[in-house]
Amino acid sequence: MSSATASAAAPRTPVSVAPADLLARHFQRVRARTLALAAPLAPEDCVAQSMPDASPTKWHLAHTTWFFEAFVLGRDGGYAPPHPDWHYLFNSYYQTVGPMHARPQRGLLTRPTLDEVRAWRHEVDGRVLDLLAGGVDDDMRVRIRLGLEHEQQHQELLLTDIKHLFSVHPLRPAYDASLAQAPAAAARPLRFRAGLQGVHEIGRGAAADAGDFAFDCETPRHRVLLQPHALAERPTSNAEFLEFIRDGGYRTPTLWMAEGWDLACREGWQRPIYWMDDDASEFTLGGVRALDPHAPVCHVSFFEADAFARWAGLRLPTEAEWETRAARLPSADGNFADAGLLHPRGPQDDDAGATQLFGDVWEWTSSPYVAYPGFRPLPGALGEYNGKFMCGQWILRGGSCATPAGHVRGTYRNFFHPAARWQFSGIRLARDEAPGGHAAMQEGR
Amino acid sequence: MSSATASAAAPRTPVSVAPADLLARHFQRVRARTLALAAPLAPEDCVAQSMPDASPTKWHLAHTTWFFEAFVLGRDGGYAPPHPDWHYLFNSYYQTVGPMHARPQRGLLTRPTLDEVRAWRHEVDGRVLDLLAGGVDDDMRVRIRLGLEHEQQHQELLLTDIKHLFSVHPLRPAYDASLAQAPAAAARPLRFRAGLQGVHEIGRGAAADAGDFAFDCETPRHRVLLQPHALAERPTSNAEFLEFIRDGGYRTPTLWMAEGWDLACREGWQRPIYWMDDDASEFTLGGVRALDPHAPVCHVSFFEADAFARWAGLRLPTEAEWETRAARLPSADGNFADAGLLHPRGPQDDDAGATQLFGDVWEWTSSPYVAYPGFRPLPGALGEYNGKFMCGQWILRGGSCATPAGHVRGTYRNFFHPAARWQFSGIRLARDEAPGGHAAMQEGR
Amino acid sequence: MSSATASAAAPRTPVSVAPADLLARHFQRVRARTLALAAPLAPEDCVAQSMPDASPTKWHLAHTTWFFEAFVLGRDGGYAPPHPDWHYLFNSYYQTVGPMHARPQRGLLTRPTLDEVRAWRHEVDGRVLDLLAGGVDDDMRVRIRLGLEHEQQHQELLLTDIKHLFSVHPLRPAYDASLAQAPAAAARPLRFRAGLQGVHEIGRGAAADAGDFAFDCETPRHRVLLQPHALAERPTSNAEFLEFIRDGGYRTPTLWMAEGWDLACREGWQRPIYWMDDDASEFTLGGVRALDPHAPVCHVSFFEADAFARWAGLRLPTEAEWETRAARLPSADGNFADAGLLHPRGPQDDDAGATQLFGDVWEWTSSPYVAYPGFRPLPGALGEYNGKFMCGQWILRGGSCATPAGHVRGTYRNFFHPAARWQFSGIRLARDEAPGGHAAMQEGR
Amino acid sequence: MSSATASAAAPRTPVSVAPADLLARHFQRVRARTLALAAPLAPEDCVAQSMPDASPTKWHLAHTTWFFEAFVLGRDGGYAPPHPDWHYLFNSYYQTVGPMHARPQRGLLTRPTLDEVRAWRHEVDGRVLDLLAGGVDDDMRVRIRLGLEHEQQHQELLLTDIKHLFSVHPLRPAYDASLAQAPAAAARPLRFRAGLQGVHEIGRGAAADAGDFAFDCETPRHRVLLQPHALAERPTSNAEFLEFIRDGGYRTPTLWMAEGWDLACREGWQRPIYWMDDDASEFTLGGVRALDPHAPVCHVSFFEADAFARWAGLRLPTEAEWETRAARLPSADGNFADAGLLHPRGPQDDDAGATQLFGDVWEWTSSPYVAYPGFRPLPGALGEYNGKFMCGQWILRGGSCATPAGHVRGTYRNFFHPAARWQFSGIRLARDEAPGGHAAMQEGR
């Protein structure tokens, strides 16, 4: 690691600086949570990589630790990492920091072992906590916070990646067979609510409240022009998606983007990736289970989400439409990973009016992932975090049942390739409204 | 061809209907022009396909003819095509019309021969002219006009595809060694002009003037919000791009989108695709020639254009910024294919103030190709023309030296994958302005 | 071309030297024959390459001409080739001579055109004839003879390659729709004749008769040990192969070499490559025709031939078994290309006793293509002709209906990869005999 | 597993039947040895698969256990395997037994865990020993012996596969850093000894001595014709191979088979696969060590061995030449895995006359792997063991430093693809002799 480069300049991410003791407690909680997520797994499970997009559990544990070495402990020089030759192994994509192991070969890194990685985590944790105890400047607190948000992103990836690994195993082992299942309630009829029109603001500004955090790609706060529109009041359900399947959705090219159609043909897509062939059960982190028709459909690609919306005569929301709707909610509550389900759940008896904008499933938008007007990436190596991926990916919003609670917010911009299916990604429908239409609740198709 | 399907409904493209005799003359001119473009080629040249993105000349000649059979002559049923089994060969991607030959195999279609394709063109031309002479309804006139605009698009592709084919030939033959070369003048210093701010309209509306045409993807006219910005008054020159190369632009990953960097490394990019290794000459349709430092840089991908802009501390324009600037020009004049150069030219002594927004090079924008708010594709099979490609591609504006004069306009949206280099694609820089800044001319970097 | 290297030493191929005037006439006949084979084709047909193993017709015409420039005219230096930069294009694989165009890209060489290649042939022909008229040494005559044998090999490849090209065209054009069809007679019952046992000689020795020729890989003549065996008296027929198909031959992995089974599964093999799906017609150089059940099965790979033999409880012959059998025939007559059928024919009414060892179909043997004991390749660049391919290929014997008459002989060793199907390759069965068994005619299975 | 099929018929492999108690002791030793070989590895190491040709250690442990279930315990029906659904995972390539997991995906089988596989091994061991204790027929004893020979083959593969896995790890971990290193002595000058000439016998016959074993592909014993020849008295050394490198061996295409040259260029071969770039050290199972110039060169492909021999003006031996030479040795002693080096060693001070025909390195021959005359594979599923691979592979002889002592013999035929480099494969030179030459010791080149 070239610490000179990595520490080049203070990140200007809009992070309000928490007191060191609060930050230390947060640090301990987040780091412990990652280990807890790996706890149900055997060492063998933690090595394998089922596709280039996914990483082994052990790699996630190590990479998040590398992040603290590269960007926190290594900021000021003088830090002697216990395993300097591991940096090459666990740098993900920070070209500024140094060369890195080829991504598709991560499953061949059987060394260091899981125990060695755990010991390294323990040592690095101690060093960071010492640093915090000794007093740190604002920039360092911002870097630590960034490292924790980064770690939370990898917590979700750890779950989605292990789910994929187990899904390609002929015996389909469960990550945790004892995972609770949510009681099923019937989905409400699909209703639409008109959104804001005209010029409004989205994104994160410079003046953040205490405790707040945002990634650089959420900035700056800027004005957008909203077309008249309405959003569905809940995500699309499995039952609704099944209608699409039964109506030949996967056999009708005119519903699809050309690239999606080619891919679906080439790979033989006929249903969401983790559905069983009977269209009545699905593979989950708890093993194979009956499909809940009332739960949000999950693990669909942008191509499937977009085709479904076209089949319904509707469309996906823009990210601005989604964000201005979310901004009107009192809080970002929902079915997050901390709820312990690790699976989207259908509506509950007592949740009248719940939109499920947050949690359950990431919602594909119709917005490609590009820079906001006036966007500036973080300086130095941290500038590689988000900005260089602003090509060929699409925005998802709202977090999922695998996202740590408290990690997402209304301005949060997740992004994946339109072909990606292994994330907990689902669908919220939108439609055009007549200009000037009032914001009344309106019934769906 | 399922003519029932293909004729399902009248296109609602915003085309004003020309009188039949004008249309007949236009038809004859455009169809003849395509043949003229193929005239310098041997039959052998017309067969080969140098990459899946490109098509053989003979295929272009045949496909544009198929288009008239499928969408014009075949609209009402009752048409007996002379070669019904050629439809499978020359359907490009209209799934609604029927199955089609695999795109990467177009170079294996040695039959029908060039002469047979020419004879087919002749016969179809006669049938269309007979139709026009007999009187046609508005929809049919609109379809014929669409077929001609479609043919003009393929005229440009014919040139870019043959250029690519010859570029991979070890002997680098010229398409036409007698092509004129523009006299060189020194490029003006790069200046920027502030653009409009706030809410303005772009796109094409329903009420078009007589003679006008637009593709469905240019509609509807709609309001956009422009951020304060300024645009360069001319395209980036070869000399300016050479500075980027010499400054290590192709060796600096932080300037690049991650996907572009990976591609550039994998394929060993070091300069625009048709530059020779000496950085002083380039392959053109007229053969290998000295590089004019004052001419616009050409044949760069979005990835290179974007990296160049980042290196310059600037950015690419949005398509709305480009279009509102172009709307302020008195006309869409420029160095188009009809000028006979088939190569971008540097500034001319007598063109003070020329922006070269039109012609010379297609200008990459920072806008992904997505649907305008309220976009509706054409009904029926023609709906596959544009809409299904609104994923993973980027907008280019303004036409090039290979575009037929009169084909483009301010609202015209061209689109290609960000990796594409074989089109006549170049760079226009943009920059953010302070909000409220006046629109004065300002000096560049 | 490095003529110094190419002319390094005289070939020691066992060729008896014909008088110059005889050689000149042979030269004219062979060269003219190649052009005649290309005559039914349009220029467009002569450009395309349907797979890396095949070459365009135009390339065959040019490469065989290059051969005379590289190894005959260029032997002594001082030769000024009219198109020196074509050598890179038309060198096939002679590393010693110089670098070469990538084989899979031969279909992109639209220049020189067919007419230009013909003109080049004409010029080179004149130069070679001048050379002969002026008197040449023995080595030069040997080189010219080698060039003609080389050209005859390409005559066969020209036919098999154009057949493959047309076979992948959706309209399946005929190379020559007027090709004669042989009258069909019923195949004789399959009988076996015991072969020689013990130590015998095969291969070509140094003392060749006047007019003889052999490739280096046929040398030296050497002793082999023959196991007791018998060979089928005729090739396997289409009807017999159809039994294999109907008995599930293509669905029974235990009949196949593992590599062949994997390939057959991956590519979905269900019948010989040019059979239509009805198992009742096949694509031929004359177009699609009814399958003659009595004609030899053709266009099967080694994998299919070997699986068929295993299904029949028998095996393929070794090349020594084949050659010692062929040595007992009075002549190498058969259905060769000069017969004008360009397709294997069934037995004729008047051919009682005909073994069809020569002509009709190349016969896969069970012998991998390796060097004979004591083999020495030709010196210099010509040593690359055969020797470097002695890995991974299998021997075929006897020539086919696409082989020029007079080109093959009993010692001739053809070789192809076991997966190759586009040659006129068929099956002759063999079986083990009890040791000491007499050579009586015996009935088949 | 279809036990009906698997037990179809008694193997007819030429195995003499050992008493049950001897066999039981042998069974325990071999099975324990496999576990011992895995002992230095972490569970993580046992999961990964570094290339499709290699398998994970855990897979080897499981597959060898599956073999006993499929072919021994399951022979008679009535056996209830504890984990029937593991059969799909650990069947290698026995199509007759049932479908199987795709070979390149073996590294994704994180379950069952290493502990679970060990427990399964323990259970199956008990069942086999119970079977033996209860009294078994001859066929069953033959099957058990076959299972043990099979397991010994996988013991060697376990070592070569883990060596490859560690070699592609950037940190190059050692399998066992405490492995002993052989003391170095100077290699003797290379001498040749003339071999037998004329007709002799090789292969295994039906009447085997007590305790003997052979694979079906070693049968039947048959006569071969030996050309006059001589074999090198020791393998080629690292120092000799280094001469080849320094003389441009890897840059001289005329030394190589065409397929090998293409591969070497494509993959950038410049030295044996495990040599470091300095040509002075190499990666071993004990980690990176200095290269012993006197030790046999190792980890070369057939292509490299063949090119080296051509460079030396010599050739590789045929398998018959090798076998008739080996038959004249008093025993098959050598540096096998049991010696604990797991690396080839140079000549020892006290081994005057040692040929190293056995042990150290497998020796590539010039013989493709094909059936012996009259070969019959084992009946039923066991017939898939060897016969179906008799295409595209080459024979190696003599065993290596990773082969269990006692596993190989003079008739043993190992086989690998000519590109394979990850086995302990080396070179023994041969040369042609004048016919009738006497068998005197002769000096080398």
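Chains here go by letter, A, B, C and D, matching the order in which they are written, and residues are numbered from 1 within each.
Criterion: a residue touches a chain if its C-beta (ideal position, glycine included) is under 8 Å from a C-beta of that chain, and two chains touch if they have at least 3 such contacts.
The model shown is predicted, which means the values in this text are computed figures rather than measured ones.
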Lowest number of touching-chain links that must be crossed from chain B to chain D: 2
Remotest chain, chain C as reference, centres from CA atoms: A
Distance between chain centroids, defined by C-alpha means - chain A, chain D (Å): 48
Inter-centroid spacing, chain B versus chain A (mean Cα positions, whole Å): 37
Centroid spacing, where centroids are CA-atom means, of chain A and chain C in whole angstrom: 60
Residue list for chain A, restricted to those that touch at least two other chains: none
For the chain D and chain C complex, residues of the former touching the latter: 93, 95-96, 199, 222-225, 227, 253-254, 256-261, 302-303, 306, 366-368, 370-371, 373-374, 383-384, 388-392, 418, 432
Contacting residues of chain A [partner chain D, same complex]: 42-48, 50, 58, 85, 88-89, 101, 105, 107-111, 113-114, 165, 168-171, 173
